[in-house]
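Next up: some structures, all given as structure tokens.
What follows is a pair of complexes built around chain A, which joins chain B in one and chain C in the other.
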Partner chain A sequence: MVYSRYLLKRLIYALMVLFIIITFNFIIFRLIPGDATKMIIDPKFTSEAKAELKREFGLHEPTHVQYIKYVGNMIKFDLGISFSTGRFVINELKERLPNTMVLFLTSFVLTVVIGISIGVYTASKQGTFSDGFVTGAGLFTYAVPAFWIQLLLLMLFGYYIPILPVHGTISAPQPYGLFLQILDRVHHLILPAGSNVIVGFGSWALYTRNTMLEALDQDYIVTAKAKGLKENIILRHHALRSVLPPIITLVFGALPGVVSGAVITETIFSWHGVGKYLTDAIMMQDYPAAQGAFYLIALAVVVCNFAADIIYGFVDPRIRIGEGGKE
Partner chain B sequence: MALLEVKDLKVYYKTLRGCVKAVDSVSLNIEKGRALGIAGESGCGKTSMAMAILRLLPVNGKVYGGLVMLDGVDILSMDDEEFRESVRWKRISMISQGAMNALNPVHTVGEQIIEAILTHEDVTRSEAVRRGNDLLEMVGIHPGRSKDYPHEFSGGMKQRIVIAMALSCNPDIVIADEPTTALDVMVQSQILKAIGDLRNALDLSLMLITHDLSIIAQTCDDIAVMYGGKIIEYGSVVNVYGNPKHPYSIGLLKSFPNIKAEKAPIISMPGSPPDLLSPPAGCKFHPRCPLAKGICLEKEPELAKVHPDNHRVACHNTDMLKKGTDIWNQ
Partner chain C sequence: MRSKKFFLPIAICLILAVTYGTVTAGQAESEPYGPQINQIIMPIIKDLDAQLIAFMRGDIDVYPGLSRPSDLDTVKKNPNAEITMNYGFHMFYLCYNMRRDPLEADVFRQAVAHVIDRDNIIQTLFEGYMLPLSAFLPPSSSYYKDDVPSFPYDPEKAKKLLDEAGYTIDSATGIRIDPETGEPLRKITILTPTYEMAASSAELGKIIAEACQGINLPVEPEPMDFPVMVDKIDLREFDMYVLAWELNRLPTPLYHFFHSSEDFEAGYNNPGIRDPELDKVLEELYYAPNVEVAKKAADKAQVILAEKQPYTVLYSRPYMDVFRKDRVTGYVPMHGYGAANYNNNWTTLNIRPSEGTGGTIRWLLPEEPKVLNPCTASTAYEWEVLGRLYDGLMAVHPETMEDIPWMAKGWEIGTWEPEPGKTGTVITWYLEEGIKWQDTTAFTSKDIKFTIEYLRDNKVPNYIAMVEDVVKVETPNDYTAKVYFSTESYWHLYGADANFLPEWIWKDVKDYKTFEPWLEAHPEVPGLTKLVGHGPFILDQYKVGEYVRLKKNPIYWKLP
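Coming up: the complex of A and B.
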């Protein structure tokens, strides 16, 4: 009972956040200096033609009417037409979304799994050389700017040891055969995803290590040891399992950051995804495109947060108190 | 041969400020089915000794000498894996200090009992579940609650679950470290009664560590009083309580009221336990002892027999005490 009420509350909260984001998205693009119509309206046009074009894009109406229409469109996922390509923004995003998802999920899953594993390992080896080395390395990659490491890697594996493609999602021309095509995609994925892992694993490793050390200090770990359980069962089943709730919350809480990180990664590696689309659109003052990409990313963030709330209730039995009714 | 024999055990901690001799040449025996109480103030080495027996000392603590024999086998020199498999929980189990936190909050209590059984015994899961339920029933917890999490139980219930867990592999000896410290008096007496009943029913040996002498009087056959890492008085509960020989034991026994005896003033011993980083020379108790004399400042007394019934005391002044003077109220 308590859990479902909790979920309903989180859902309402998520919808409110989404609405606020939509509104900001509207305001921000109208605050950017420069005329929205400049990109598409040739200054040599007659004023009638200019007015006609403005009407076509709905820009002749007063701001509040534009806003109401805009909110309606957003709910219908009608993201308008790109100024620069003249195509529907939603179609362009649909093309790029799979690319982004591939990069994003690969890097994120690898980062979290590798980071947490390293954290568990270093916690079990506290004070040894390998603990110091791995923890130090994680701290370093975490502290320096992500794009710097990414550019260095690009230079290293693209120029000095040219074994990895430096840009794009696929080779042009694409190789024949499904297997080779998949291999080609993976080949392109290694550098961006790998660099994301290098940049991101540190914070997971350090956080996991610290919470693990705290957990390993608890009385119930002494009990588990006295019970004669195997070392790795104590580590995974007792220590890691008890620190998992906050880590899982963090995993979902970190998703938004990874989404925005994807914008930078995609730009650096010219990855044909939503993030690159967003930066390109902003560069070209293509407002509908930028707005659409923004909206999609914001939506992803809100959904991720909501998912975190749901998961948290599952992982931590103490949240489910009301359901058992045993207290 | 005693079931558990501790001989000359030395446990030292390496700290930044020097070496702490937490347990300094402690020897004791526990026979099958007997209960030994270890009494003493905080920091006197009680828990360190227990942890050394279970080989659970923190990283900076080490056994620097001595033997721990279980049925004549030295368990301190045993291979780690062999010790884990054949001794931990199977032969020596533990009811830990602050047992309220001895249960992992994210696993059901049943699971925590079952995993101990499955680790050490070649039984099916359903057999382990059945035994887990029996154990819970034995300590007065409804077996239907085995699927509940620790936070769904009261402190006393958690403690009983921990006891059930300690008995899950039919150990020969249970080490109970302050098993009732966090509980109120009513629950404490229930828990102690449960421990006593189970001990009789299962012919268990028990090592009970506490700062509370009344608990030992209620539960144990023998008592060892520790001070500054050493045993200073050792004997049967009847002898030590009836005829304490060490000034420290006398002080401890006088520091709580006896509801049956006639009114006697409650004393508090001045001073505090010795700093084990730089313990006093000679007898470690001499700075607080009303009987301290020349030799006490120079020579550490040996644990010597003062009574045919194996009642032993480490004090230079046992002769003076025979006169029955009230040493703490002069």
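Coming up: the complex of A and C.
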């Protein structure tokens, strides 16, 4: 009962947050300096053509009417028509979302697994050469700009050792046959996903290492050692387990990237994704496109946070059972 | 003031390079037949570094529109690369707000023009890869006039002009005194985009401001976000700004940019020049009944503008296109459009593998062609694809830039009386016979009638200025179309040469804006989409975000 009340409360919070984000999404683009209608209305157009275009995009109506219609449309997932292309925003996002998801999920899973593994390993080897080396490498890749590393990799594996494709998600033209097409996609994924892993693993490794080191100082670890448990078991079953909740928080916090994408990676590797779409839309003052992309991202953030709340309920008995101790 | 003779060695070298590019690629044969290849694959590569790598490692054969000097240096090291350089229609300029004091004074603007060292700017900011320009039309236009008054780099002359006009220097502040008020001049700003947005433009504003300060003018650069800058320009809240235009081969932009009727909020006449003599000449130009009158008026307008300096034109970016000469040949460098632009249909027709004909050419597309609908497509990237699917009634001669017959074997420009006492233009097109749409339907004068009426009746914004004056279109037979305009102007010739639409597909389109012809299958011909043209290539495949594949139109009317 306590848990369902907790979930209901979190759901109401999530919906409120979503509503506030939708509202800000509407306001913020109208506060950006510059007249967005110039993106669609060329001064050489006749006054009739100008009026027609304004009517078509609903820009002729008062702001509050535009807002009410906008909220209604967002609820129906009608994201409108892009100013710059005249196409339905939802269709444009649908074209890009699978690419962003593939790149993000591949990079994310690899980054998290490699980063956490390295963090655990270096924590267990504190003060050794390998600890210093891995920590240094992690700090380096974390500190330098991502685009610099990605451009270096592009030059290295695209030009000097030209074994990897430098753009896109598939070859032009695409090979025939499903197996070859899958191989082709994987081939194109190596460089962008690999570079994301190199850029991203450091922060996960360092965070895990530091939290693990704190955990390894705790009394229960001393007890485990005194019981004669193997180091491997102490690390995985005792220390790592105790640091997992904050790591889960981080994982869920980063998950919305699955729809927002990685702008720099998408740009450098000509990856047709949502991140580049969003930045282009902002640069072009394309309200409907930017609002649509932000709405999608906001939705992902809210859903992920809600999912995290649900999982906390499982991992933290205080939430599931309540302070009174009754489930 | 003297005739312009200030193109210094860099400019001379670049101009020679432009000419050289035209000559060395002379293996190109501008035959009016083609295409010579079976397909074009256009990989979409957006990042500039990735584009360069793709070319250097052989992923692409045609690398159009090289823009970074460093890339050009890299490409030059590749023995298989051939670079063609041609004048374009680009024009970078400094605009003065002539509504404001002291910028309304001719002598003030002329003095500023005298302190701008174009050659130094080009060398400093662009490593020499730009062409100095002071004319109001680009040299690639057949209306370009060379011998107009100019204001070459000469700071001493600038000082003298100001001194003689009474702009003496205030000993206390070191700033020149406004002869009208007797007070030191107010701070004058040059709007530029920010360094993050356009570093070279921002730096250019700074260089010009410093040059003005050198003759005691209180000029400061003011970088700002681009949308804000555009707003300020539209609202006329500026002193000076730097920006670029991409013009075309016609002189009509002169009317829009400098006629007093265009001086309204967000109108094209940004400097706010209102000169009755210029207005008269521009009207003669805009409503010219024939090319001779147009030429004469364009000449006069350029002389007046050169003297008045509502803009100080600074430089022009040439087209720099690169080809893998070990793999392809037959490309045709062309003034105005370069060798690889979609407007250059001579390259489209003549490019071929180094040995023989047929095969595939890999042609870089630097951005996504988001919309392949000829009514709504607006970016150059979209027309890089669409331009190869359609032909025009006229073509542009690759050397003289003059109109030559194409799908129309001839045309006449006449007049008629739309209402008593009024003169209108009537254009009569005589079409070639045997031209077919890509789905084998014959191309006739009825297609011209349908398209012009469709664009006019639907008020399609991209075309409305061209067709709004059309009163009626008559088709006396399948190969003759007469287009009647309510006003008299030679330029209606271009308004009647739209991108034609096949009636049997477009007549049922309810909303042309959301119609996606490239995504819908052709109702009768397997393998075709509803994006049906009559040009040398057919859209075969568009993998969004990845590539576009065009294949040879097997029934093209100009097949060799």
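As a working rule, the second predicted complex is superposed on the first by the 305 of 327 C-alpha atoms of A that agree within 3 Å, B and C clash if a C-alpha of one lies under 4 Å from a C-alpha of the other, contacts with A are read in each partner's own complex, and residues count from 1 in each chain.
Everything below uses one rule, namely that a contact is a pair of C-beta atoms (placed from the backbone, for glycine too) under 8 Å apart; a residue touches a chain by one contact, two chains touch by 3 or more.
Bear in mind the structure is a predicted one, so any value in this text is a computation, not a measurement.
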Broader residue contact with chain A after superposition on the shared chain, chain B or chain C: C
Partner chain in contact with A:Ile81 - chain B first, chain C second, else both or neither: second
Touching partner for A:Arg209 - first (chain B), second (chain C), both, neither: neither
Contact set on chain B toward chain A in their complex: 54, 56, 59, 84-85, 87-90, 93-94, 96-99, 101-107, 115-116, 119-120, 145, 148-149, 151-152, 162, 165
Sites on chain A touched by chain B in the complex: 127, 218-220, 222-230, 233, 237-238, 241-242, 244-245, 316-318, 321, 324, 326-327
Parts of chain C lying in touch with chain A, wherever the complex brings them together: 41-47, 49-50, 53-54, 56-57, 59, 225-228, 230-231, 234, 256, 266-268, 362, 368, 370-371, 373, 376, 459, 461, 464-465, 468, 513-514, 516, 541, 543-547, 549
Chain C partner contacts - residues on chain A that touch it in the complex: 32-35, 38, 42-46, 48-49, 52-53, 56, 81, 84-88, 92, 95-96, 99, 151, 154-155, 158-159, 162, 166-170, 172-174, 267-272, 276, 285
